[in-house]
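Before I ask anything, here is the structure I am working with.
Note that the chains are named A, B, C and D in the order they appear, and that numbering of residues resets to 1 at the start of each chain.
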Amino acid sequence: MIRVQREDFDVGAEMRALTTGNTGIGGLASFVGLVRDMAGGTGDSAMTLEHYPGMTERLLTEIDEEAHRRWPLEGSMVIHRHGRLEPGEQIVMVLTASAHRQAALDSCAFLIDWLKTQAPFWKLEETPDGASWVEARASDDQAAARWAKPETSG
Amino acid sequence: MIRVQREDFDVGAEMRALTTGNTGIGGLASFVGLVRDMAGGTGDSAMTLEHYPGMTERLLTEIDEEAHRRWPLEGSMVIHRHGRLEPGEQIVMVLTASAHRQAALDSCAFLIDWLKTQAPFWKLEETPDGASWVEARASDDQAAARWAKPETSG
Amino acid sequence: MKLLYFAWLKQKIGTDAEEITLPDDVNDVAGVIAWLKTRGDKYATALKDDAVVRVAVNQTYAKPDTPVSDGDEVALFPPVTGG
Amino acid sequence: MKLLYFAWLKQKIGTDAEEITLPDDVNDVAGVIAWLKTRGDKYATALKDDAVVRVAVNQTYAKPDTPVSDGDEVALFPPVTGG
């Protein structure tokens, strides 16, 4: 399941919602992305995430389904926020649950690598010199490329 | 930090304790191990984790410190329960926080691989045929061996 | 056709969405971009470096030769920077 | 010397801890195990397959030739099965 929302989320509550009543789950992996203070505590590190409503949900649903095809998952939850976020705020959460830990860990890393590099969001960073759009990074593409299946990459 | 305890734990509260006030954290990875129902819903899958009080804490502290040496972590928390646990209950939790996601993900996987294979616990499983001690598995040793540094393995 | 712009493309063009009527000879993504560049300085400047412009047609990533027609939703945006 | 037993070693030997006085000629881990086997059927049975017996001296993993003396805490247990 996926959600794209302005509001914050409660990781503990999402974990309980995913695992309660399913005793087939042996491992629950998660990743939470937070806004880092890049300005050394001056508070000038807020950012705004813009997205493409509709397309974002479609692509997140597709990658979530892809994770379920690649790994034997008992459940998953992806939440991504948009709008203005300040240092320390939660941006994104991935939860993956499986009978065994390796599937949970690997699918969680797969999803967050995709989300941090391929998800249709654009980041506007506030700095002391004004706001500027973040450029896509080649290293992020490489992290996501690790997961490409040879037969489907292109 | 590490804790070995009989009581359950609250992952969300532990996450907040680790991240609150530290805006140098960009990524928080976690893994929670749960008791899986191996008996198909008959409820006969409780288990008891026995440990060596004192040595367990020492070894968990050592591996936590090793993770901090290998990765640039902003914080970590390992909690491991002992005693009798029923299907669906939480057994173990690893949290790792770093500026960047890869360090958080990798150190979390490192710690949980070690905990699930090398941590000094012995598992007594309850089955319809009575209680039996779980044997160590070779596949677990292999998972932990992936992390061995060539110069320090022995 | 509904056109959507995101991030700095939105800022440079000065709007986030507009309804346009395609000229008869424009029938693919490359054609839409070439035609937009003729619509004024803001478009020309925003789309100057079209190697960094990504396009989605009806919310699916498109290539220069992806066909488009009047009922489509066509979005132009920079490479995504993730979450 | 304080001896501790865990998991099925504890069950087979029938106790989780005991205080013993080492014979003078026992001064390493292998010696302790060999001596324990002479203390009765329960010990002999529990320690029969000593390839699967792990030993810690003062809460640190030990080898057969690790030295031991009377003030030590020596723990015997099966291979750990993790959490």
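By our rule, a contact is a pair of C-beta atoms (placed from the backbone, for glycine too) under 8 Å apart; a residue touches a chain by one contact, two chains touch by 3 or more.
This one's a predicted model, so the numbers in the text were calculated from it and none came from an experiment.
Student: Can you tell me how the remaining chains group up by touch if chain B is left out?
Tutor: Without chain B in the graph, we get A, C | D.
Student: Need the most distant chain from chain B, centre defined as the mean of C-alpha atoms.
Tutor: For chain B, the chain whose C-alpha mean is farthest off is C.
Student: Between chain C and chain D, what distance separates the C-alpha centroids? Give it in angstrom.
Tutor: Centre-to-centre distance between chain C and chain D: 75 Å.
Student: Using CA atom averages as chain centres, what separation in Å is found between chain B and chain D?
Tutor: 27
Student: Whole-Å distance, chain A centre to chain D centre, using C-alpha means?
Tutor: Their C-alpha centroids are separated by 50 Å.
Student: Tell me, which residues of chain B touch at least two other chains?
Tutor: Within chain B, residues 33, 116 contact more than one other chain.
Student: If a residue has to touch 2 or more other chains to count, which residues of chain C qualify?
Tutor: There are none in chain C.
Student: State which pairs of chains touch, listing all of them.
Tutor: Taking the chains two at a time, the touching pairs are A-B, A-C, B-D.
Student: In the complex formed with chain B, which residues of chain D make contact?
Tutor: It comes out as residues 4, 6-8, 56, 59-60, 75, 77-83.
Student: Note which residues of chain B are touching chain D in the complex, please.
Tutor: Its residues touching chain D are 33, 49-50, 52, 54-55, 58, 80-81, 91-92, 115-124, 133-137, 140.
Student: Quick one: in the complex, what on chain B touches chain A?
Tutor: It is residues 10-13, 15, 19-37, 41, 45, 87-88, 99, 101-102, 104-105, 108-109, 112-113, 116, 143 of chain B that touch chain A.
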